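The structure appears below as structure tokens.
Chain naming follows the written order as A, B and C, and within any one chain the residues start at number 1.
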């Protein structure tokens, strides 16, 4: 657990970057600092490992005041991922990742094994260890940066916009991997981003900072979306927050039985659109009856459309219903087909759900 | 004429003895490495300090540019005239020359080291500190290794400057391969002059080549592409 | 009239000699380095050998070159041509790489735009690439100019007269005056060359000054 206790940072030139900041980042969870540029996110993060010294107040990690520890010692116990990876160009990927274990004076073999292990974790197993940073893509460098921060088995990780330099498609994937990794490791993480979507996706707690380094709101993502503390938070979270809020709402939605077909089948009379599943019952895609003549083959499949998880969020149901070519959203339980949902029925449930903010949940700009 | 030079170079009598080619070659190398060592002793720590802290960088930039404009021959003569009355024996020639060699070698080494440290990616430096390296560890494990390509080019151009100026210094009585150029001219023996000149050129090329090899061995291949 | 024991007329004529010996090679060297640098850039296989070759040239100490050239050119050892050729070689050695770097610093989209407008490679070089490379080339030329001016004085040792002659004269007469005068004159000349090149660069690249006022 990391506790900010009335922390203020005033730089020599008089700039107040962080103003009387108090919050608690829970152990084993991801806490995200978010806010507009220059609001003091990086400064707050860097005060945790004392790359910047607070002017007032104190920061406690598991009850210990960081001010009472030697900075270098403190930092060796905290994983730190800086914005542009900051890899050492003269060292191989492996040796980069071995930095902290070496500083901690682990024996060579253990340090090496651990480094290879975390590289594997971030999806850079095998050959990559021998390369130099200059031979990696930006996204791969970021992963090495994360691996390097993980290598010393830190109980706390600080991450400054770790996914910012990566293109949106790759970023999504990395974020998902990162969430899985965090779930497995149970590290206490404080992360900085200026992207509210990333904050909501990754954070267990979100601290919204405003200009001048003051805390505007500290809460869980669903709470932040449902109950923005003031106009600043509301506008920062954005006007489509109603749609985002659906990510946190669950409700009963009528699930219709769907009679699936399999590859190789010949279509009998029936509905226009048929859902194809594999032998294990997992959905493969839709086929349009008019476009199929012989036995069903993989080329007849119309892919696309997201799958909703049974008992999952309303947003999942809505996305599945709206993105399906047949107008029937596919719902799965595990990997297996559970049934389909109808868009009108999903919307009906959404309309009926209690609305905290009293605003229309679907604004006209919503993707449909 | 070329055959005369060849004859001079292949005459074993010219190679042996206290004033022979081997002896002068050794002297030249000793003087050059001594001067480079002394220059590095002063310039490397200073360059590391300036590159690390950014303090006094205006001085370095102007020093390196300004020193190129100073004619080494003139400085050499001034040093000898100033120091000759105060020294005796062989030191009278050696000390002023070595001082000039060192002084002229300092700017290139200094600016190489400074530029090398200064161009280290600030993000890498920041990450090093953030992972818990002490100031000394940041310097030895990150800044110096990353600065090596430019440190080497500073040392190499200093060494070429030293070898060239040591050659000239034969005119004030310094030993080394320059003797053949100056003595040959005094006796109007072009074969000796040109033979000596070839040796000096060969020495400079060889030393630079060896430094290049050392650089390849010492500098991380990860930095090679950035060079 | 004389300064520190040197007649003013002599200072003047030595200075003119020095300007000639250091300046002319600068011009010739630049004219040779442009096609060489261009060749190094446009024919990639030439780049390595050309840059390495000119680099080797630069490692040869000046006194050695002054002495070797008569044997190669068949000139007299006292002939100023040796010095002119040596200084030209140094200039070419330094500038070939600079020109190649300068030309390669021209943004690709500019090059492609010029080609699209129908420039032939040669006209593109003269009308587009060279002007844009002027700042880089000029920086290299300034280094070459300053080191030329200081290296030329070594030629006094082989009896070619210029400001360096003041050094040998002073040393032989055990007189500090001429030597100090020579150093001051030589450094001043280097600064003047530098300022001149800077000025010409400014005139040739009006867009540079227009871009960043203040």
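Just so it is clear, a contact is a pair of C-beta atoms (placed from the backbone, for glycine too) under 8 Å apart; a residue touches a chain by one contact, two chains touch by 3 or more.
Every value quoted in this text rests on a predicted model; they were computed, and no experiment measured them.
K.L.:
Averaging the CA atoms per chain, pick out the one whose centre lands closest to the mean of every protein CA shown.
P.N.:
That would be chain B.
K.L.:
Out of every possible chain pairing, name the one holding the most C-beta contact pairs.
P.N.:
Result: the chain pair B-C has the most contacts.
K.L.:
Roughly how far is subunit A from subunit C, going centre to centre by Cα mean, in whole Å?
P.N.:
Using C-alpha averages as centres, the distance is 59 Å.
K.L.:
Could you grab the centroid distance between subunit A and subunit B? Build each centroid from C-alpha atoms only and quote it in angstrom.
P.N.:
56
K.L.:
Calculate how many whole Å lie between the centre of subunit B and the centre of subunit C, each centre taken as the average of the chain's C-alpha atoms.
P.N.:
22
K.L.:
Okay, in this complex, where on subunit C does subunit B touch?
P.N.:
56, 58-65, 67-68, 70-71, 77, 143, 146-147, 149-151, 153-154, 156-158, 163-164, 166-168, 170-171, 174, 176, 179-180, 182-183, 186-187, 190-191
K.L.:
Residues of subunit B touching subunit A in their complex?
P.N.:
Counting only subunit B, the residues touching subunit A are 121, 123-134, 137, 142, 145-146, 148, 219-223, 225-226.
K.L.:
Touching residues of subunit A toward subunit B in the complex: what are they?
P.N.:
Its residues touching subunit B are 49, 51, 71-77, 80, 82-92, 99-100, 103, 132-134, 145, 148-149, 152.
K.L.:
Tell me, which parts of subunit B touch subunit C in their complex?
P.N.:
For subunit B paired with subunit C, touching residues are 1-2, 5, 65, 68-75, 77-78, 80-81, 160, 163-164, 167-168, 171-172, 178, 181-182, 185, 190, 193-194, 196-198, 200-201, 204-205, 208.
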